[in-house]
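In this document, chain identifiers A, B, C and D correspond to the written order of the chains, with residue numbering beginning at 1 in each.
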Amino acid sequence: MFLLQILANGIVLGCLYACIAAGFSLVWGVLNVINLMHGSFIVLGSYLAWAAYNGLGISPWITLLVAAPLFYGAGWLMQRGVLNRVIAAPVLVTLTLTFGLDLMLNNAMLLAFKADYRKLILDPPLGTLALGSVVVPVDRLVAMLFALVLTAALYLILRKSRVGRAIIAVRLDRDAATLMGVHVKSIYAAAFGFGAAMAGCAGVLLALIFPISPLSSTAYLGKAFVVCVLGGLGSVPGAVLGGLVLGILESFGAMAFGPEHAVTLSFGLLILFLIFRPQGLIGRRGFD
Amino acid sequence: MTTGARNALLVGAVLLLAALPLVGDTYALRLGTFACMYAVMAVSWNVIGGMAGYPSFATAAFFGLGAYAGGVLLSKGGGLAGALLLSGTLAFAGAMLLGVVLLRLRGHYFAVASLAVAEVLRELANTATDLTGGGMGLNIPLAATSGGPQAEASFYFLLMWALLLLTLGVVLALERSRLGFGLQCIRQNESAADMIGVNATLYKSLAFAISGVFVAMAGTVYAAWVHYIEPPDVFDILFSVKPIVMALLGGLGSTAGALLGAFAFLAIEETVWRNSLEIHTGLLGLLIVVLLLFLPNGIVSLARRLRGSGASGG
Amino acid sequence: MAELLRLESVSRRFGGLQAVQDVSLSVGAGEVLGLIGPNGAGKTTLVNVIAGVHPASAGRVVFEGRDITRLKPYQTARIGLARTFQIVQPFPEFTVLDNVAAAAMFSRGGMGIAAGRQAAAEQLDFVGLAALAERPAASLTLAMRKRLELAKALAMRPRLLFLDEVNAGLNSAEVEQAMALIRRIAASGVTIVLIEHLMKVVMSVCSRIVVLQHGALIAEGGPAEIVADPRVVEAYLGKKYAQASKAGA
Amino acid sequence: MTGLASPPMPRPLRRLARLALAAAACATALLPAVAAAQETIRFGAPLPMTGPLAPEALKQQQGYDLWAEQVNKAGGINVGGRRMKVEIVYIDYQSNTPRAVQAAERLITQEKVHFLFSPFGSGAAKAASTVSEKHGVPTIAPTASSAQVYDQGYKNLFGTFTPNETLTEPLANIVAQKAPGVKRVAILARNDLFPLAIAQEMEKSAKARGMNVVMFERYAINTMDHSAVMAKIKSVSPHWIFATGYINDLVLIKKQMADQRIEAPVVTMIAGPAYQEFIDAAGKGAENISSAAWWHPAARYKGTDVFGTSENYNKLFQARYKTEPDYAQASASVAGVLFQMAIEKAGTLDRAKVRETLAGMNVMTFYGPVTFGPTGQITSLEPPVFQIQNGRNVVVHPPSIRQGEFRLGVK
């Protein structure tokens, strides 16, 4: 029955949402900065994949490996150069500042790539896979798997690596971390770098599925917001859970109320969670 | 120069603006109307953002609500006065109700929730097709002003200008009132304010409502003025961000700063838009970044710093 | 003397932590009650419960015969209950005068800005801060800030005043001045509950003392009795000293 | 008022920033535009050069520029014996309707243009028409087909797209004739003025022929993922899927239909398949998708305008832009042509006279026969229906310019 199909759509979409939101949630959780450029970073990642594939014939899977360090570096520099000045500033300043930066980034992309929609069409198209009555496009499936791998990688980095532990320490208690000899400024830069890298890689994956244009950055940002609040701030598993919940809810919601209500549903959910459960589904005041 | 003198100077300047219809052509009047509209938004936002210290991104929601509430009444034959009254009361009541729930949040959470309110309202306007025309937009009939474009442009300019005066009157009185004093307490230390008897929930909701009522009325005037509105235009996120940039440009916290910031912002935006076809959005972004990084206290402090005097204005 | 405040088996839990446990207590009008106990005994939490910052999980708080258990902080402030903060909480950008004026304006009866500033000037004279009226609160020394807290509390024309470690961090000369001030406040008819660690202050100012440990009331009585009570000594200094004091007494 | 802590910053940089900002702040915004040179006729063209509608704006600009170049090459417009050059003044309104209205007013009052082209699309054209009506400036809308655009009783607004039903009626006829088995129709429309209006017309045309509209859904602007509604379409198993939107919406919808292996005997999309960009992006999936538009390069009209015949227009366009023209570019060019013919016939630049001539016009152009109805919308076109067959648009109706047979089955 097609309910299975809707569930499958919801799950695949949910994993993509998780990948979109994980980096955003990390930056918001650790730096307490809402990065409105997150959507544009994702679109930039898509352009990278498109340019690499159409220009140099490099397949998106390889571009993925290149995108991670590239965006990490870009994010690191942007944080040290610009955002570090306003880290302690009230939310008003940081939110408006990233809004201004996003205007610049979006306009630059518009000039560089023109506004027409670009499409990354794999030469041997991956086609679709039928599992019983459920039909799933292979490109989305592969993108979903990579998305999960990426999110898991971020989770492991935060858990196992030195810089990851430092990021968590800063998130839990900035002053205590400083006393432990953690160089907070470079940790902020690292966290922002990881956030940007996640966005860039998500962009590469999304290039396979959606048309690429600077104008879809707001759509990605909207999803990142909802998933991040749903799942719980700064929590990677929270992002995965939030993504899945949103993906499934949107799929079934669109069926029940009609597709044009999907946006209303997601933002309505956002408000409800902000008011009644700001720490999200599984997020805690601390870290997960 | 004390605050009182500076406020009087600025209100005087606004009064002078009334002469624009005599001297300006329809385009100058259009710019003047936009300037007054931006000023109403910036001054109103300052009540919740500057005075109470709650970073509201709901200005677009109030503007869109006013545009559609007033627009629907006008398209069904209602008078302009009735439409203004309707959108004003709707915004005030809506803000009070919403405020009780929304204002329990603080900082980022409040900012994001207020941002989401505009998104939800826009989608509701988009889907309630039979009431609002949905994605097909709403026709608002040409108001019965006889006379050519100059007369109509002057009419709407003076209407928006009068709304600005009303807003300034209320907000300047508020600034010196007990409510204004209480809001300052809340901004500086809300728990201390609680302990000395300030009813923070009520005061914050009142501030949120006042920050919405005149913006909604401006939305109605806007709808009557352009005769055709679509949800994405009147619920545009820029209507939430620009007033904040104007308040920051003018110097956060003071009504005069917001007013000055609004006119300065319009001048910059118009110059940038007029002279560069391709990169004006980018330049607007650059303005915001430069402003926030190098001039956090806005033009008011700029003037003071340029004079190098230690005058304790504001 | 008439009973001003009565706690009927009040307790407060934060998740698993039982911060205040079944406290029953009554405070007479005009008294200076000392509320003492080791750190973390739940003294400040008890005050927060009474003031409505954290509503009681169980039991009742009765003030002047009226049940105020469910009232919010701003409501208790308006019926004559005032408190100072352990960690000083000024309005940084306001002047000293406006800090006190705010308290006068929004508390009992409430008044306009001008009247508020007038009342504030009087309170500043009373606590000796008149000279610093126009200075921003953020620029005051710790001792001066403590006095500002006191002035703000007095500006609320309280009937019951909670002083939460007003003397913490002050040197001996400043403590002497603070004690003189507290005596003058008590003399003006305000009932005071003094949360204090400095025994010198407690012994000389308080008419009755109540001891709290692990959120529960373990002793009540005059200053002399309390000091000798083994349970109190044990709570502060541990068992060994308690036996010694019992043997020695 | 200490406000926010100002960041640590080297002194010179801060002074530089302060000066730059102060200069910008007092730059006078109202500096009047340079006085218009007398010997050129200026046409105002507000376009969404940035923002979501940028691809569509590019097409309009190509149509206008081609016309202006041809006219100036032929010596300009003959205004009562005097030859005058043509100049098109562009303003970008960032796909934001309020700014489109402001751009129109700026073109009229500041740039002193003689005549105006409407901004892109039905919504913005309608909003801007109020300004040109107030100033009495004849305006031609090359890309506004919904009747609702012309329902405000304005005299100065003309449109070169015939109403939406002139597209849906021939489509419904052909499908009823060629595929009598088609009974169940699923409609998916973008929640926007033109796409929604034409979807509603489609519903009427389908019901008029006894077809059962089993689904009518709207999708929000900027929707990225349609998989939910695809599942719904699959559940109603329609014979005919009718989707409306702009190029990127329709490319996305076609791909996601293929993603879920949705097939149907007839799939029609409006305002997408006519464009080469759609065919390139949709790839093999575009095979047999039908559509309709107000003009098609296969047209063979003999006009009395500067381009003359449709073939000549194709040739000139191909030479200039290296691709075949589609209806959007042709409509923009004919808007210029109609202004030219009206000015030459009226022999003056007087706006009222030119408006009179336009209203009463009955001419043949490369774009087809042109007469305007009472509301200003053109009524004389017979929009061709076409289908994508092995990567090319093939006209299947009207019979006069037919290039191939209507085929069923879209994978």
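Just a few scattered comments:
Please note the rule applied: contacts are C-beta pairs under 8 Å (C-beta built on N, C-alpha and C of every residue); 3 or more make two chains touch, one makes a residue touch a chain.
Worth saying up front: this structure is predicted, and the values here are computed from it rather than measured.
Chain B has its Cα centroid nearest to the centroid of all protein Cα atoms in the structure.
Among the pairs B-C and B-D, the greater number of C-beta contacts is found at B-D. Most remote from chain A, judged by the distance between CA-atom centroids, is C.
Averaging C-alpha coordinates per chain places the centre of chain B 45 Å away from that of chain C.
Per-chain Cα centroids separate chain B from chain D by 35 Å.
Between chain C and chain D, the centres computed from C-alpha atoms are 75 Å apart. Between chain A and chain C the centroid-to-centroid distance comes to 50 Å (mean Cα coordinates, whole Å). Shared interface positions of chain D, i.e. residues touching 2 or more other chains, are given as 1, 4-5, 7, 9, 50, 191, 218, 220. Among the residues of chain C, those in touch with two or more other chains are 93.
Those residues of chain B in touch with two or more other chains are numbered 123, 126-127, 252, 278, 281, 287, 291, 293, 296. Taken together, the chains touch in the following pairs: A-B, A-D, B-C, B-D.
Touching chain D in their complex are the following residues of chain B: 24-28, 30-31, 34, 123, 126-127, 134-137, 139, 142, 148-149, 152, 226-228, 230, 232-233, 236, 251-254, 264, 266-268, 270-271, 274, 277-278, 280-281, 287, 290-291, 293-299, 301-302, 305-306, 313-314. Within the complex formed with chain A, the chain B residues making contact are 49, 55, 57, 101-102, 104-105, 107-109, 111-113, 115-117, 119-120, 123-124, 126-127, 237, 241, 244-245, 248, 252, 278-279, 281-282, 284-289, 291-293, 296.
If you check the complex, the residues on chain B that touch chain C are 176-178, 181-182, 184-185, 188-189, 191-200. For chain D in complex with chain A, the touching residues are 4-5, 7, 9, 50-52, 54-55, 58, 191, 217-220, 222-229, 231-232, 234-235, 247-248, 251-252, 258-261, 277, 281, 283. Note for the complex: chain C touches chain B at residues 51, 53, 72-74, 77-78, 83, 85, 89-94, 98, 102-103, 105-108, 110, 112-113, 152, 156.
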